[in-house]
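The data blocks that follow each hold one structure.
In the two assemblies presented below, subunit A is common to both, partnered first by subunit B and then by subunit C.
Right, the complex of A and B next:
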C-alpha cells in the first residue's frame, strides 16, 4: 500500500503544476500587475512611479511566464510564475499582496471553517442516513413517495434561500440565536447553531435521496433476504447489514470531502460573518490579491487529491476484497 | 437472585440515563437563557450588556492602518480616533472650520521671498517663493501604552532586540506583557513627515507633498538610494539620521515646515492623519525580523496619542477601540451653529472627551444581517441600503424625507447630509466625436446635458438620496452658489422661482445646431452612435444602463453600452479610448481647488496621468485655476470661481450629475449625532445611554419558543404511526 501511496503522490505533482499554471493564466488574463498595484495603492493620487515601485518590490515587474531578456534557465526562472507559484510546492505561501503572512492567516482562519463544516458533515450524515433508512423501510408506501417529493423540493431550493429564510425565521422572528457573528472558545456555540442547522437542513434533500437509492439497491439483495429469513429484526437488517454494505459509495462521497472541510463555505461564512477560509478566498478575489488566490487554489487542489487518496485507502478498510496495488 | 440483580442493575441504569437526560436538558435551558439577563439572540456577552460601549460594524477589512499609507474612509474610521494630527475640523460649525487639535493654534503662513526675507501677508502669489508654517504643540500629550516604548529599570528598551524564539511565540501585540509610554514631541511629527517621503511606504500623498515641502523629494531619492544598497532588507531605516531641508525643529514642542510658493490648502492636510506623530521607537520595534511574518506591523497595530487605542485587532471578525488611558484630555465644544443648542447638541458642552469607554466594530459583509441587527438594537447606528430604504424612509408631499411608522415606533432617528462628493457623466474631451472645443461639439454636449434627466435618475436609482448638481462644486464648498443664483442656465430655466430643466425640444434644437437633426449627422446621414463605458454589467446595473440608453434615444442618439470590469474601465480612462462614462470624486478637504483641479488641463489623465479623467484642457480655465488655487477665500476668489464655473457650464465636459445625500439612522440612546463629512475623528463626541439600550434590546428580542415546541410535537406525532407500523411489522409472521 505504501508503494501505491507514494506513486499517487508523484502523480499529484503534474496535476498541481497544471492547476498552478491554469490559475496563474486565468488570473492574469483578468488582472495585470498594474491593476493589482492600483487596487492596493488606492484609487486616488496614484502615480506611475508608485505603481512601478509597488511592482518592483513584490516581484511583479518581471515577465509572466517567459523572460526573453534573460539567459539560459533564467528565461524560465526569472519570471513571475516561477517566483510566485512554484514556491507553493514547498508549502511556502509567502505574504499576501497587502503584506500579511498567508500561512499564519490560514492557520488562524481554518478553525472557524472547521467549526461549521465538521458538525454539518457529522450531523448531516446521521440525519440523512437515518431518514434514508426510514424511507427504505417504508419503501413503496405513501411515506416513501411523499418523502421523495419533499427531498426533491428541498434540493431544488437555493442554499441562499435557506440562509436568508433561516436568519429571518430563527433570529429575526423567534429571537433564538444571533443573526450573525462569531466568537472564540465556547462563546462561539451560539453563533454556530444557526449555520449548522441550516447546513444540515439544506443538505437533507440531496443527501437523503442519494442514500435512499443506495439502500434500495442493497435491500433487495440475497444476503438481506437471508438475514430476514434468519429472523433478524428489520432494524438489525437495515443498520447492521444494509448500511454496512452501502458504505463504499457513502465513503466515496464523504471521505473525499473531509480534507476540503478546511476550505470553508464561501456563502455561509459571508452571510454569518464567520471569519473562515471561505470568506478569506472571497475577499482575496474581490481585492485582486493574487498571492492569496493562488495559495487557496493550490491548497484546495492538494486537499482534494488527499481526499481521493484517503477514499482509496478507506475502501480497503470497509471492504477486505479491495487491495491497493 | 442473579436475575433480580440484573433487573435491579438495568433499572438503575435506566434511572441514571433519565437523570443524565434531565441534566443535559437543564444545562441546555440554562445555557440558552445565558444564565443572565441578556436576550438569547444578543451577539455580545452578558457582561457587556450595560457597558458604555458603542456597537457598530464594518463591511470590508481595512488594508492599511499606518498613518503614512492609509487614505480610505473605512481605514480612517479607526485610525482617525487613534492618531492626533496638529489640526481638526470643528465638530459643529458650518461651513467647515479648522481648529487646533494637537497644536495650540491653527498656523498662519509666513511668506518669504526667494532670498528668504519675510513678505507682508497680502503679498501676491508670484512674489512668494516660500511659505513657512510654524506648528506649536500642546505639551503633555502622551502615547498610548505600547510595548515599543516599554523600558526596564535601567531605562533600556525591553523589546527592541527580540530573539527569534521570542518572536516565534507571538501572535498579537497583546502577547507582550509590558508596555510603556512617553510624551509626544516635535521630533515625532518631523519623523512622520520623513516617513511620508520614504518610497518604501508608498504614501499616497508623497507626490503632492514632493511638489510643495522643501527637501521632500531630495529625501525620497536619498532613502531610495539607501534602500537599494540593502537589497531585500526590511531592517530599520533610522530617519532621525536623515534631514529634510524644509522641516525644522525649533524646540521640544515647536517645528516649522517650509513650502515652495504659496499653498493655502496645506493646512487641510495638517488635519489628516498623514501628519500625526510617530515615535521612532515604534518604527524600530516593528522592523525587527520576523515580526512582520507574525502580522505584527505598524500597518496593523497603530501607536497613537489620541482618545482611543486599538485594543483588539482582528480585521476578520472585530476591531475594538478602547479609551487611551494616557489621553491628554479634550472638552466637548462650547459653541456651534445657531440651531445646535435647540437640538441638544450643546448639552454636553465643556464635558471631557471621549464620552464612551469602548467602541466595538464587527465585520458584517452582508446587508441583511447588518440591518436586522440594527433593528434588534445590537448596532447603535446604521446606513440605509436600497433594500431596506422603503422600510425605513418615506417622502412627504414636499419631497422631504421622513421615517416610516415602524421606525418611529422604535424611536429611531434620521440624519441626512449632502456629501462633499460628486458623481458626474464625463465626456472624453480627447474624443473626436464628442470631445474637443468646436462649437458643434459643445452644442452637442449641451443638448445631451439637457436630455439626461438626473432628477429622474436620483428618484429611480437612489431613492431620492441626492441633489442634482449645477456645477462641479458641491453644496457647502466655498465658491458654490446656492439658490437660484447657483442654477446652471445651460440646462435649467427658472420658472415660478424654481429651476426647471429645459425641454427636450430645446435639446433637439441644439442637436440641429450641432449638426445632428434627429440624431443623424448632416454630413454622413448616419445616426450618431456613442459608446458608454460601464464598469458594471450585472443584473443590478441593467436597469440603470437601459435608463441611460433611453435618455440618449430621446435625441435620436444610439447609445452602445460597453460593459467591462473595473480594471479595463480604468485602462480605457487612462488611454483615453472611452467616450462617455460615469465617475465620481470625494473631497479630500473643503476647498474648491480640490474639485476644480479635476478639470485642470495639466492634470489630464491621458497626457499627465492626473485626475482629470475627461482630459478637459481650456487655456482660460487653466489660467483662472492657477490664479484661484493659491488665493484665500474672499470675494475676489468667488468672482474667479464664478467665471470658471461659467466656462465649464458652457463647455460641458461633464454632465453635472448629482451630489449624493447620505442617510443614516440611529437609536434614541445614541447622542451627539451631527453629520460632519470632513472630520473623521468624531467618535470621541458620541454619547451612549447603555441603560436605555439594554431595556430596548430586552423588549425587542423576547425569545419565542412555542414554534420549537410545536415542531417537536409534530415530529413526535408523525413518528408515532411509523413506530406502530414498525412494531406491527416486527411482530407479524413471515410471509
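Right, the complex of A and C next:
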C-alpha cells in the first residue's frame, strides 16, 4: 500500500512540472515582465526607471532562464524561472505583487473557505442521496417523472440566479440574515447559513439526477432481484443493498473533490463577502496580481492531483475487487 | 441601406460550423446507423418541441452574425453614398427601432415614465420634481394614467390576433404539404394530426411553433410602442440587449466545441489506436492540462490577453473587432480546458475498436494506419462526439455568465447575459429595485439552457446504444 502511494506520488512530479512550465510560459514568456510593469504603472508617461524599479522590487528583473552574469550554480538559480516557478514546489509562494506574503494569506483564508465548502458538501450529499433514494423508491411513477423534470429545471437555472435571488429574498426582503460579511468564531454562523443553503439548493438538480441514475442502474442488477425474491421489503432492499453498492461511485466522486474544497467557491465567496481563498483569487484577478494567480494555479493543481491519488486509494478500500498494481 | 460587408472572425467560424453541420447532415442521411437515432429524436415530443425553440434561437444568432457597415442617408460631394464607421448586423437592421430608441436612463418594463424623478420645467416656467415622460415608451399616449392599461390590452389583442393568423396559415401549409406527401386528402391529414396518430409528433411541433409565433408577434406589437423589458442605465432597451446576447451565448456554446473537436478527436483516437509512447505523451498532456483548475487557467489566459491588447491597442480597427477577438480567444481557452473529457472517452473507445475483428482484418490486409482510422475507427466514434457536443452546450452557456461576472468572460462592451447579470448585481441594491435586467437575462438564458438540456437528453438516449437496448 505504502509503496503504491509513494509510486503514485512520483507520477505526480512530471505533471506538476508540466503545470509549472505552462504557467511560466503563460505569465513570463507570452508577456514580458516589462509589459506587466507597464500595465500596473499605467500606460501613459511611464519612465524606464519606474519600470526597472517595479521589476526589481518584485524580483522580476532577473533573466528568464539563464543568468550569464552569475557564477556557477547561480547561472541557473538566479533566474525568474527558478525563483518564481520552481520554488512553488517547496510551497514557497513568495510575496504578492502588492507585497503581502502569499503563504500567510493562504493559511489564513483557508478556514472561511472550508467553513462554507464542507457544510455544503455534507448537507448537499445527504439531501441529494435522500431525494434520489426517494425517487428510486417511487420509480416509474408520476413522482419520478416530475422529480426528474424538477431536477432538469433546477439544473438549467444559472447559479448566479440562486445567489442573487436568495440574497434579495432572504436578506433584503425578510431581513433574516445579513446580506454579506464574515466574523470570527461562532458568530460567523449567521453569515454562513445563507451561502450554505444556496450552495445546497443550487446543487440539488445535477446531484439528485446523477444519484438517481446510479441507483436505477443498481436496481436492475441480479442481486437486487434475489434480495426481493427472498422476501425483503423494498426499503431494506434500497438501504441495505442498492445504497451500499451505489456508494462506491458516490464515494469516489466525493473523494476527488475533497482537496479542492480548500480552494473555496469563487462566486459564492465574492457575493457574500467571505474572506476565503475564492474571493482571494477573484480579488487577485480583478487587481491583476499575477503572483497570487500563479500561486493559486499551482496550489489548485497540487490539490487536484492529490484528489486523484485519494480516489485511487479509496477505490481499493471500498471495493475489494480492485487491486493495487 | 447596406454598405460594405464585414466578416468578423467569429462570423466566419460560425458559418463554417453551419457548413459542416449541413455536410454532416448529408453524410448522416446516407448512413442508416446515423439516420436511425435522428429519426428517434424527431419522433420524441420533447425532441421536436425543444428543436423548434432552439431553432428560433439559432435563427436570431445567425441573423446577428451577418455584419456590415450601414450606409448613411447623406451623400458626399461625388454623389456617392457614404457608409458609417460602425458595424451592425442584419439582425440590428431588422430591429432598428429597438436599437435606436434610447431613453435617458432606467425605466421599468412597459413604463411610460422614467425610473427616477427629475426637475421638469413646465410650460409656465415653473419647475417641479416629477417622473418625466419617456421619449419613446408609450409616447403616443396623451394621458398615460388613464389610457395605459387599455392600450396594453389593445396591443396585446392585435399581436395575438396577428400571431394566430400566421400560425393558422403555417398549420394549413404544413397540412397541405403532408397531404401531398402522403397522397391523402387535406381533411384526413388534419384528423390524423389532431388525434396524434403520426409517428412524428406533428401536433406537438405545431403547438410549440404556434406558441413561439404568438409570443413573437405579441412582443413585436408591444415593443413597437413600449420597452417591454424596460431600459438599462444608459437607456438602452433591455429586450434588445437580451436578444443580442443570444449570439454570444450560442457562440460560446458551439464555437468552443468546434475549436476543441479536431484536437480531441485526433489525439484521443491516436492515443487509443497506437498505444505505447504516443498514448503516454497524450495522456500526460491532458492530465497536466486537466489538473489546472479551469477557472484559474481561463483567468490567467484572459489576464495575459488583456495585457497584450492594451499594449497593442493600435492593431484593432474597431471596438467590435476587439470584442470579437476576445470572444474567439475565450472560446479557444474554454476549448483547451474542456477537450480532455472527450479525448479520454475517445481514447477508451478507440482502444476497444482496435481489437475489433474488422479492424484486425484490415490490419491483416495491410491497410495503412491512416486509412484504418478514417474508414473504420472515426465513423464508429462519431456518436460519442455528437453526444458530447450536445451535452456540453448548456454547461458552456451557463459558464459564460459566471466568467463574465468575474470579468474574465466576454468583453464588457459586448452584449451577453453574463454582462447583464453583472450589472444587475448593483441594480438589485438600488431603491426601488431595478429587477428587469436580471429577469430578462435569466429568462432568455433559462429557456435556452432548459431546451438544450432536454434536447441533449433526447439525443443521448437516441444515440447511446447501451441505453436504447435496456428499454
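Rule of thumb we're sticking to: the second predicted complex is superposed on the first by the 290 of 325 C-alpha atoms of A that agree within 3 Å, B and C clash if a C-alpha of one lies under 4 Å from a C-alpha of the other, contacts with A are read in each partner's own complex, and residues count from 1 in each chain.
As a working rule, a contact is a pair of C-beta atoms (placed from the backbone, for glycine too) under 8 Å apart; a residue touches a chain by one contact, two chains touch by 3 or more.
The structure presented is a predicted model; accordingly, all values stated were derived computationally and were not measured.
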item	value
When subunit B and subunit C are modelled together on subunit A, clash or fit	clash
First, second, both or neither for A:30, with subunit B first and subunit C second	both
Which superposed partner A:101 touches (first subunit B, second subunit C, both, neither)	first
Touching partner for A:50 - first (subunit B), second (subunit C), both, neither	first
Comparison of subunit B and subunit C by subunit A residues contacted	B
Which superposed partner A:130 touches (first subunit B, second subunit C, both, neither)	neither
First, second, both or neither for A:180, with subunit B first and subunit C second	first
Which superposed partner A:293 touches (first subunit B, second subunit C, both, neither)	second
Partner chain in contact with A:38 - subunit B first, subunit C second, else both or neither	both
Touching partner for A:14 - first (subunit B), second (subunit C), both, neither	second
Contacts of A:301 with subunit B and subunit C, given as first, second, both or neither	second
Residues of subunit A at both interfaces, subunit B in one complex, subunit C in the other	30-31, 35, 38, 164, 167-168, 172, 270-271, 288
Subunit A - residues contacting subunit B, complex	30-32, 35, 38, 40-42, 44-50, 53-54, 57, 95, 98-101, 104-105, 108-109, 134, 137-138, 143, 164, 167-168, 171-182, 187, 189-191, 228-229, 233-235, 270-273, 275, 279-280, 283, 287-288
Sites on subunit A touched by subunit C in the complex	14-16, 18-19, 22-23, 26-27, 30-31, 35-36, 38-39, 43, 152-153, 155-161, 164, 167-168, 172, 220, 260, 263, 266-267, 270-271, 281-282, 285-286, 288, 290, 293-294, 296-297, 300-301, 304-305
Subunit A-facing residues of subunit B, complex	31-32, 39-43, 45, 61, 63-64, 71-72, 199-200, 202, 204-208, 292-295, 297, 299-300, 314, 316-317, 362-366, 368-369, 372-373, 375-376, 378, 565, 567, 570-571, 588, 609, 611, 701-705, 707-708, 722, 725-726, 729-730, 734
Sites on subunit C touched by subunit A in the complex	284-285, 287-293, 295-297, 299-301, 303-304, 306-308, 310-311, 394, 398, 401-402, 405-408, 421, 424-425, 428, 433, 438, 442, 445-446, 449-450, 453-454, 457, 470
